[in-house]
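Both complexes below contain chain A, partnered by chain B and then by chain C.
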Partner chain A sequence: MRKYTKAFTLGLQNALEYRMNFLLILISCIFPILIQYFLWTTIFVSKGDSEVLGYNFNQIIVYTICAALLSKLVATGFEYEVSNDVKNGQLSKFLVQPIGYFQYRISSFLGEKTPQIIVVMLILFIILTSLSLFIHMETEITLARMLMFFLVVPISILLNFFISYCLSTLSFWLLEVWGIYHTFGLLSSIASGGIFPLDMFGATINRILDFLPFKYIVFFPINVINGKLPWDGIMSGVLMQFTWIFVLFLLSKLLWYKGMQRFESVGG
Partner chain B sequence: MSIIEVNNLSKQFSYYKKELGLKSSIKSLFHRELLYKQAVKDVSFTVEEGEIVGFLGPNGAGKTTTLKMLSGIIYPTGGSASVLGFKPWERKKNFKQQFAIVMGQKNQLWWDLPANESLQLNKCIYEVSDHDFAMTIGELTELLDVKDLLKVQVRKLSLGERMKMELIAALLHKPKVIFLDEPTIGLDILSQKNIRAFFKYYNQQNKVTIVLTSHYMNDIIDLCKRTIVINEGSVVYDDDLANINAMLEEKKIATVTLLNSVNKDDLLRYGKIKEHGELEFTLEMNKENSQQIIKSMLENLPIADFTLEDISIEEGIAALYQTR
Partner chain C sequence: MSQIWKNTRRYAYIYFLFLKYSLISLMAYRINFVFGMLVELGYIVIKLTYVYIVFRVGENINGLTPYNVTLFVGTYIIMSGIYSALLFFNFIKLPELIRTGDLDMYITKPISLQFITTLKSIDISVAVPNIIGGVIMVAIGWNQSHIEVNAANVIGYVGYLILGVITTYSIFLIPQMLAFWTVKTTGLTDLSNSLFDFNQMPMTIYNRLLQRVGTFIIPVFLLTNYSPLFLLHGLSRLEMVWGIAAPFIFLILVRIFWNYALRHYTSASS
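Up next is the complex of A and B:
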């Protein structure tokens, strides 16, 4: 067990070492938020309604800010490291040592995310409380919902870890996976509600998205905090998160087993 | 039971063929020809506890592939193997705790950190106690003379120093079986010697079993009593290296310097000409009647200088490499 706490600390050290990098990523969120701000202003003005697709102007801006920050928080990135390990044969190091690759990856990932969770939660807390002081929101952000949000977000991060971990097995079959990761990242960011609220895509698509894991990464946690979801909806959402984590866990086991048989450990 | 048992082990790799040029690049988008390469075929051998066995073979013979299968990095496509009673590719934790593989061409240490940190990580991974850790590090750094280098960033170390650190990292958990894949590659003669001496000592002290591949004949001659030569994926020789000539036809090599040049046909009567210059000739002859041949040569030829020797181990091995 100690080896995995060590991996956790290594991830943590890594995150602390590259703190500026993460802060700059967060700061860079401002630009898409600004673009969306102007976009929504124009839409609301030209429509003349006070509500678009069930969101008033303030709500949609709050959604945009939350979605932008949350997307950065749940983001993985280790899938590139995995393909590097596979492509250059570095994976063999893990195969001969008594350390599980999966356990190593998840420990170091969680270590990396821990300080980021704290920072992003703090920022969100400050933004949301100050916004609710100055502007009028239809639904109030209650303390209970805030707490629930803090519980749900780590599960979302875990869920996204498993999606990426499954995806990373592609490296066993394809030598260059950069393009696929990129495309997938884009699609999943749309499907998770990281850009627009998912209500925009209409009832049919939403029914499909209900059964996919993506919306439980960003859209669902935001709906927990902005009060759009009733409490029983939150419960079934959490249930859905855990179901997907379980399914993806099994899938990743299978994919890694299959992929390992193709591993050639090139170079030397 | 032997500590390592290998029976008809085989590994087949598949790859795509691609012709030169853009046109065939485009063509390969639609159709690619799948080819197979038999990297290892029907390799069988056993290694007893405490043995040091040399693994020789030309580049691409399948040495490293065999070692990779024996350490569980890749799955074989046929045959079976057992190391310490385990099937390597099942990757049981118990198995991993008892063996180590060192690859001269690949570093397992963290490039940007001092070797210390990597050793500390390995200590956690292999669950080595603080006491054992301190003992082993003390002993090994002393033996390899790298005590002062533990705190230096790995990237700043010389090749030889880095190799020594790799060895320490690999031996931290006191493995019973060690696979060494070209551990002395790229090292100067002195460093090679040091590392050889170290392994000799380590093997005697700890009764570890070592399987070693190398292209440096001295590594093999110094360390291994028994050598397995592998060529094009198959075992072609498995015995004491000193007996290698016995397996080839019994031949002697005579190097002759003449006083004045003679007709080539006059020389051909005595044996096969391997090399010849203006006045210098190298002849290969049968061991059996070499005495008579020499006698008649000395009588009939204007000889200035003369040496007679066995075929060297190097040449014996080169001959093995060429047999198909």
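Up next is the complex of A and C:
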């Protein structure tokens, strides 16, 4: 167990070392938020309705802010390291030592995310409380919902870890993977609700998204906090999150087993 | 006069060589070519979600129909393709050349330093999906907005697009040149590149202040907004003239700034 605490600490130190980088990433969220703010202002003024595609103006702005920050928070990136390990044969280092690669990756990932979770949650807490104090919100952002949100987000991060961990096994079959990882990241940011709320896309697209885990990464946690989901909906959502984590865990075991049979330890 | 003509031909030939070598290296690393296209397709899908939402809302936005918006976004996609294929990779390499002192190599070459360092790398792979996708969207938007296809419209549209490329060159090169003083510019690069995304939606959605700033001070809206606005008769006479003059004004400013910045180059190592 101690070696994995060490990996956790390494991830944590890594995040603290490159704190400026993460802050800059967060600051770069401002522009997309601004663009959407003006877009929605114009749409609401042009349309003259209080509701557009199921959202009132305040709700959509809260959604945009939360989605922009959350998608930066849940982002992975270790899949590139995994494929490097596979490509350069570094993976064999882990095979001959008494350390589990999976346990190592997940501890270091969680270590890296811990300070980021605290920072993003703090920012969101400040933004949301000041918004609900200064402007009248149609849906109350209650303290209970906020607490639930803080519980749900780490589960979302874990879920995204397992998606990336499954994806990272691609490098056993393909020599170069960066283009696939990058494109996957872009598409998953749409499918998880990182740009627009998923229910705006209409019934047909949502029927497809219901079969995928992505909506539980960004869309679901925001629905917890903005009051769109009733409490029993939240509970079944959390259940779905754990179900997906379990399914993806099994899938990753299978994929790694298949992948290891092909692993040749080049270079190493 | 013949001297200028000779020089232009020489530089055109050199640019052709840049293109040729870029293509050769692309063919050598074919997987990067495929991945470059794949990633750009991902970005196009993101841009399309905005258009899709506008269609779902179904209402005119500040007098623009969803098909008008398609025309704007199509132009934005074409320009993203041109920018990332011809300029982007050169610009992000410039601070690296300054930091490592590799700029020395280029200084010794019998050719304009600004020309070779800012135009050398060309990556066609990122342009292919953007230009195909963008042109299709512009065609749909053009047709459904019931704009006549005549010489004046086509020349106006393409003309403002080319002027947009010149403006793009100028306003995205300036932040990189700060590397002559600060060495590292990564944060600034990300920030200035995200300014490009303000063209994601027509400039008419922004408030008056932002529109003025984005037109006259940091002219990001000149990049992709003037072509569709010209077609939709959304440009005043003053704006038409500014749209033609500004690219050259900023190009001259960049040239002056380049010469000034170069004097602060101190080389490195060795």
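A few remarks follow.
The rule is simple: the second predicted complex is superposed on the first by the 267 of 268 C-alpha atoms of A that agree within 3 Å, B and C clash if a C-alpha of one lies under 4 Å from a C-alpha of the other, contacts with A are read in each partner's own complex, and residues count from 1 in each chain.
Keep in mind that, in the parts below, contacts are C-beta pairs under 8 Å (C-beta built on N, C-alpha and C of every residue); 3 or more make two chains touch, one makes a residue touch a chain.
In this text, all values refer to a predicted model and were calculated from it rather than measured experimentally.
Once the two complexes are overlaid on the shared chain, A:Ile195 sits against chain C while remaining clear of chain B.
By the touch criterion defined above, A:Phe31 lies against chain C but remains apart from chain B after alignment on the C-alpha atoms of chain A.
Which of chain B and chain C touches more residues of chain A is settled by the count: it is C. Once the two complexes are overlaid on the shared chain, A:Thr142 sits clear of chain B and of chain C alike.
Look at A:Glu264: by the touch rule set out above, it reaches chain B but stays clear of chain C.
In the superposition on chain A, A:Glu176 makes contact with chain C only, while chain B stays out of contact range. In the superposed pair of complexes, A:Thr129 makes contact with neither chain B nor chain C. In the superposition on chain A, contact is made by A:Pro98 with chain B only, not with chain C.
In the complex of the two chains, the chain B residues touching chain A come out as 13, 64, 68, 71-75, 91, 93, 96-97, 99-101, 103-106, 108, 121-122, 124-127, 181. Taken together, the chain A residues at the contact with chain B in this complex read 2-3, 6, 10, 89, 92-93, 95-99, 260-261, 263-265, 267-268.
Interface of chain A with chain C (complex): residues 20, 24, 27-28, 31-32, 35, 38-39, 41-43, 46-47, 52-53, 175-176, 178-180, 182-183, 185-187, 189-190, 195-196, 200-202.
Within the complex formed with chain A, the residues of chain C that make contact are 31-32, 34-36, 38-39, 41-43, 45-46, 49-50, 52-53, 56-57, 59-62, 187, 190-191, 194-195, 197-198, 200-201, 204-207, 210.
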